[in-house]
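In order of appearance the chains are A, B, C, D, E, F, G and H, and numbering begins at 1 in each one.
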Amino acid sequence: GFAQIDHHRAWRQGLPEVVYCAGKTVEQSVAILLRQAQVGSGPLMGTRAPRAVYDHLEGRGYDFEYDDEAHLVVLRRGVPEPQGQVLAVSAGTADGPILREAEVTAELMGAKVERLIDVGVAGLHRLLGHLDTLYAARVIIVAAGMDGALPSVIGGLVDVPVIAIPTSVGYGANFAGVAPLLTMLNSCAAGIGVVNIDNGFGAGYLAGLINRGGCP
Amino acid sequence: GFAQIDHHRAWRQGLPEVVYCAGKTVEQSVAILLRQAQVGSGPLMGTRAPRAVYDHLEGRGYDFEYDDEAHLVVLRRGVPEPQGQVLAVSAGTADGPILREAEVTAELMGAKVERLIDVGVAGLHRLLGHLDTLYAARVIIVAAGMDGALPSVIGGLVDVPVIAIPTSVGYGANFAGVAPLLTMLNSCAAGIGVVNIDNGFGAGYLAGLINRGGCP
Amino acid sequence: GFAQIDHHRAWRQGLPEVVYCAGKTVEQSVAILLRQAQVGSGPLMGTRAPRAVYDHLEGRGYDFEYDDEAHLVVLRRGVPEPQGQVLAVSAGTADGPILREAEVTAELMGAKVERLIDVGVAGLHRLLGHLDTLYAARVIIVAAGMDGALPSVIGGLVDVPVIAIPTSVGYGANFAGVAPLLTMLNSCAAGIGVVNIDNGFGAGYLAGLINRGGCP
Amino acid sequence: GFAQIDHHRAWRQGLPEVVYCAGKTVEQSVAILLRQAQVGSGPLMGTRAPRAVYDHLEGRGYDFEYDDEAHLVVLRRGVPEPQGQVLAVSAGTADGPILREAEVTAELMGAKVERLIDVGVAGLHRLLGHLDTLYAARVIIVAAGMDGALPSVIGGLVDVPVIAIPTSVGYGANFAGVAPLLTMLNSCAAGIGVVNIDNGFGAGYLAGLINRGGCP
Amino acid sequence: GFAQIDHHRAWRQGLPEVVYCAGKTVEQSVAILLRQAQVGSGPLMGTRAPRAVYDHLEGRGYDFEYDDEAHLVVLRRGVPEPQGQVLAVSAGTADGPILREAEVTAELMGAKVERLIDVGVAGLHRLLGHLDTLYAARVIIVAAGMDGALPSVIGGLVDVPVIAIPTSVGYGANFAGVAPLLTMLNSCAAGIGVVNIDNGFGAGYLAGLINRGGCP
Amino acid sequence: GFAQIDHHRAWRQGLPEVVYCAGKTVEQSVAILLRQAQVGSGPLMGTRAPRAVYDHLEGRGYDFEYDDEAHLVVLRRGVPEPQGQVLAVSAGTADGPILREAEVTAELMGAKVERLIDVGVAGLHRLLGHLDTLYAARVIIVAAGMDGALPSVIGGLVDVPVIAIPTSVGYGANFAGVAPLLTMLNSCAAGIGVVNIDNGFGAGYLAGLINRGGCP
Amino acid sequence: GFAQIDHHRAWRQGLPEVVYCAGKTVEQSVAILLRQAQVGSGPLMGTRAPRAVYDHLEGRGYDFEYDDEAHLVVLRRGVPEPQGQVLAVSAGTADGPILREAEVTAELMGAKVERLIDVGVAGLHRLLGHLDTLYAARVIIVAAGMDGALPSVIGGLVDVPVIAIPTSVGYGANFAGVAPLLTMLNSCAAGIGVVNIDNGFGAGYLAGLINRGGCP
Amino acid sequence: GFAQIDHHRAWRQGLPEVVYCAGKTVEQSVAILLRQAQVGSGPLMGTRAPRAVYDHLEGRGYDFEYDDEAHLVVLRRGVPEPQGQVLAVSAGTADGPILREAEVTAELMGAKVERLIDVGVAGLHRLLGHLDTLYAARVIIVAAGMDGALPSVIGGLVDVPVIAIPTSVGYGANFAGVAPLLTMLNSCAAGIGVVNIDNGFGAGYLAGLINRGGCP
């Protein structure tokens, strides 16, 4: 029977439940998040949520927080003690919201998360001044728009997995993130896994799995 | 100074040296591989190598092997005892050579590698009959062409990292692997990192890092 | 002469007249629908219609209904007794409006329509728990955005025609439905016909033809 | 358990087994086809097979035929009495091989198949001279390259399902079949399901399902 | 010297001056049109002009008209007696504004213009009922969105030049007019010249040249 | 009835019959051309024909010629006295074969054809030294690859129709003619009709219609 | 150490600091510009800045100016005496804002800048009347949308570097600047460097480097 | 008159004549090169020339050389004393032939050329070990395939013009150079001009102009 699968789902309960709020009404997002809060005991997150979602969740009995930069509604509940080391890196400040989404996701999965921001390759000294931080990580998330060159440089410096997030930051022949996406898929450095454009959640989730999964 | 970087490179010596033989003459490939065999003591691999490369390497003092399916020249030297569990999965038999490239790469990085082939989603029972194998893996590599749907299904069944390789298997609106690439980037399941079309080496390398890196 | 064609058109009168309201003013849509209501005796439908179209149609002598989910104005008139079995399936809740457009279209063509929603491949147990429903259908409509993998899985389970609708649900390298469109065109499963992105009407119409046409 | 699925596969035995020979060696194709011939009792087909596959199959105890136009190896065994009516239409002679692949597939599924060839829209009288043939069909397959306009015209004349196959016939801004693919997806006529570029097998299979499936 | 060119410009004075108002402020459009009205004596046109442009031109001493459908400001001045026969055809009513832009342009160049609207190929009898009108034309403009199939059908019926305008009418895999553009470039019928998507002006101008130019 | 259409086809007999030999065997091309030679009395042409087609046609009773540059088999029979003036212009010598296909097509339709070659915009003096030739034409065909800028410059100098042929001459971001195709569709000059990439026949046909059609 | 790089950065201080204000709040832009004004002594620029940024900067102790055409906030401080000759050319008036961004950037880098506007290739006499201006430049910036043909023509007339800026001016198959981008990359004239669509800053910066860099 | 232009062409005689031999027969290439050798006195080059072109040129009275790496036929005649400093950089060895084409072109224009090869960003120490070489250049040419990230890194280190050449080195989602082309157009570093994919000649020519042009 499919009990195997049910069992599997149970085993997975340490992972956060996530609601993608874009394209849902505030009412729908609130209802889903409240129901999840009631039936579960682990962490919760709503991504791409307008502040109104948070406003409606306040005073309903759960300690939701709102992250203004990444537009996240978060309930930090049942999160294990932070362990390992996920490093979250951005090429420019405009990549911040997407990187933040990745960071919070990884944190909810029990990762200790460091950040290194605005270290794009056009000013290499910014990155090279933090080699120790790079070398300390167990997995590195890199968000970059424009030319998307940063994961190639970082991938060549470290020997831990790099999760690359192309962001839609750019204009003209950037095509809303296609340019950095192709750069990352074609990276000369090995050890890089790519997620969809602007998919901070996906990158944080994968980094979280890598960070914890390897240490049974 | 850049000693940090040199130090880093030294620290990295457990990783295999890899020569991409496509677009090199047989002579060039042979020369580079022999030189690497002489200066190093670790494993070596030449990818997309015609058999002639192997023929020229025989009797030169090193135990090179040739993999007919994946067109690999391999020197299994200084490879650590296999540990962990990398599972290599293909949707169809035509994805075999690319998956094999990934497997050998992971093996050279010290991974124990299992395989599960021809389990594409159009015949779901083939996959569902091997749930135990899926659940036993620490990281899963999935190669698929055509619709590229297999990583989405596997990603929904497990909670370990999935490395997805789109292959150029298909025709018409497949666009030599673009269709499965987009499928994998847009996967509904979380925890999936994507590499370039037909990049078996890159997937095996990333899986190898994840398999060993997490267990200090 | 062209009487052959006229004859043909007459024979076709059991099919619904459909007005595509997007890009028409409310006045235009209302006028066309009222005129059709007057000259014909069969079912009518306005797709992608703002509620204002319905508001103007109320109290004009016809029993128009409004479907809030799919933004349809519908006149269920002269619809034959439901027969056969069309199954309408969605991968996610966001595919709902497009699927609903397909369902209503099929219903107006005389089909009995069942639905199975939110059964995307990332949580396979949701689909596999309803195999009986799948096996009972004479034709299956599947709407999916994101990776568009659901028709491949369903097509591998059944041996009736599957009509696949790629939806524009997704972001980044989804390209407003191109990703699932390519997935569906490249499906490993046979027996799948694809319609345009978000073309719920076209899928419902084709399913309606298949459902009734085969049983003379 | 998955017995439901096994049961389902058994129920499906009336359908032909099909081997896609492109990208397989002659030896591989021959071996697979022979094995299928031994274990089953239904019809068999190898698509995109060089004549050498047929040559190796001769004198092995099965009545394989070879279709020179479509490069098919076919074993017409256990095919039910032809019933219903599938009409196979091509816009130009160059679409012939793809259409033929569709026809044979449908025949192996028990369909009676008629054909109407070289009736592209640039010479409309060729099509309009055969309206009776069009009206007699239960399902129509239309293969067209170049502008791919034929399914739109046929779809407007009939009220049975139309399966449209874009072919890679054309040059320049045809992009190997992308132009007719887009034309067909955007058809102004309803009731059209599209398959992948040059996917004659897929169209024939879908037409076969529609032709037989509707009449339990 | 460049007198040759100046001479040429003078010789060209029968052609209308045209201002593309999209992307200009109302003030800029009005100023340019008034200045042209003052210095010249021939016809004038502002395309894609909001009504406010017309409002500001009223009472300034010139008989400007406004075309609500095509958003044109027109000054019919010094237009020669209509001659020849330009036929303007649309596939659907939504192509109307673009076709209208073409018609007015041709009229200002001295063409007699007829129109045949909403005769798309999905209802072929609509077109075939007007063969006489088709045969009477010296040049035919055809505007079509969606599948863009109409020029192929018309081009096969007549032996005068056909100017095809792809319109951005459609959705999904229409890509804002790319689908009909490709259809028209790949037309099986000969004698078709294509202009940019939605370029009614360009089509009308070319038709105007053909209509008058051939009869010195 | 459709006699109207038959009548129409008869009326059209002054136009050349054209066989597209690419993708046909030599035998097929020869057979079709001979049959056309027997049943008709007008001009004939085979495009993209290998010399072998011509070799098989020699000594069969018809005065076929072979054009080595454009790979044309031509039978100049029943061609009216050349009239009007078609000017055929190329940007570079590599555009020659395509331009030649256009020239011969126009000639077979009764046009007097002049040519001006290798006058691309990167050496403007080449074009500006021939303004008289430009001004003498009734219709101008312009073939250009690379940047495809020549029709824009010529279109600004003349006031007769310009038929623009993008050629597949170029490399890199030329995309086999897509770059000049887009340039021509976006031309700043009015009065330009575009045909498919490398479609010399289509351009010559359209120019032939314009050259003769306007003078009843 | 990385002192080499620091040294390098110091050496570069003559170049303007530039803030890309699109996608920043007015407050953020103002804060960054003010801080830069305080810590540095050279020129400053904010690109794509709404007027409100300028309004908030007034009366804060620095002589900021606002450029209404290009939406620039500029502080002309510490700019060296203009030298050399940069010529800024536009094809149409709509390219003005992008060209202006390039001009101001070059000026802040110490260049003397001339301009030649609205000299697109569809009216060649406009350009040819200014050959002296063209020949006087040391480097030429050319901004063009639509067909993007102007750099090809200018590149063929001069033997100084040409910096080509494709602008997003156009519609339909222009694809927001892709058409002129491809034209420029495929230019038949040599000596042309291309920047991103609408990247006036990048072009001005490169022209500034060329204008000054060559004269040590 | 156009004497201005003639004068201009005369003034330009210091620049090399270049023949693009791809798509020309050996005979054509030889004939053109010999004729140019006879009528001129400056340097000559044939790009993408098979060795046979060189073989036919030997013993014809001119000192042609052949470059095996870049497939160039070169006549170094009348080349001024090398001056300035052009630095030619490649990311990988496979970019060598394209870079070589650029180098020779620049040399023929009188530039002193240095080279720095195989310094791609995945091994940053290779580049950072040569900062002095980077800082000594007046203009830098950078050829890179795969991810095309190298110009971004170099552009951030220097303040001289960088000419970026995307090469077609790569596979999968590289799309024959489109990936590095987009990377370079979107570079975060300023001061970068991009040429067409694989256009070594264009880059060398532009670098040659910059190298010499700035120092009158």
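Here is the rule we use: contacts are C-beta pairs under 8 Å (C-beta built on N, C-alpha and C of every residue); 3 or more make two chains touch, one makes a residue touch a chain.
Since the model is a prediction, treat every value here as computed from it, not as a measurement.
Hopping across touching chains, the smallest step count from chain C to chain F is 2.
Its C-alpha atoms superposed on chain F, chain B is turned by 180 degrees; the angle is given in steps of 5. Mostly identical positions are employed by chain D and chain E in their mutual contact, as over half of the interface residue numbers are shared between these two copies. Each chain's centre was taken as the mean of its CA atoms, and the one lying most distant from chain F is A.
Of the chain pairs listed in A-B, D-F or D-E, the one whose interface repeats that of B-D (more than half of its contact pairs identical by residue number) is D-F. The interface holding more C-beta pairs in contact, when D-F is weighed against G-H, is G-H. A straight line joining the Cα centres of chain E and chain F is 25 Å long. If you average the Cα atoms of chain F and of chain H, the two centres end up 37 Å apart.
The mean-CA centres of chain F and chain G are about 43 angstrom from one another, to the nearest whole unit. The set of chain B residues that touch two or more partner chains comprises 5, 124, 157, 172-174, 178, 181, 185-186, 196-197.
Across the assembly, chains come into contact as A-B, A-C, A-G, A-H, B-C, B-D, B-H, C-D, C-E, D-E, D-F, E-F, E-G, F-G, F-H, G-H.
The part of chain B that touches chain C in the complex is made up of residues 91-92, 120-124, 146-149, 152-153, 155-157, 170, 172-175, 178-180, 182-189. Here chain F touches chain D in the complex through residues 2, 5-6, 9, 22-23, 166, 168, 176-178, 181, 196-199, going by the rule given at the top.
Every residue of chain A that touches chain B in the complex is listed here, in rising order: 4-5, 8, 11-12, 15, 18, 84, 131, 135, 138-139, 157-161, 163, 181, 185-186, 190-197, 201-202, 205-206, 209-215.
Chain contact summary for the complex, chain A toward chain G: residues 94, 123-125, 128-129, 169, 171-174.
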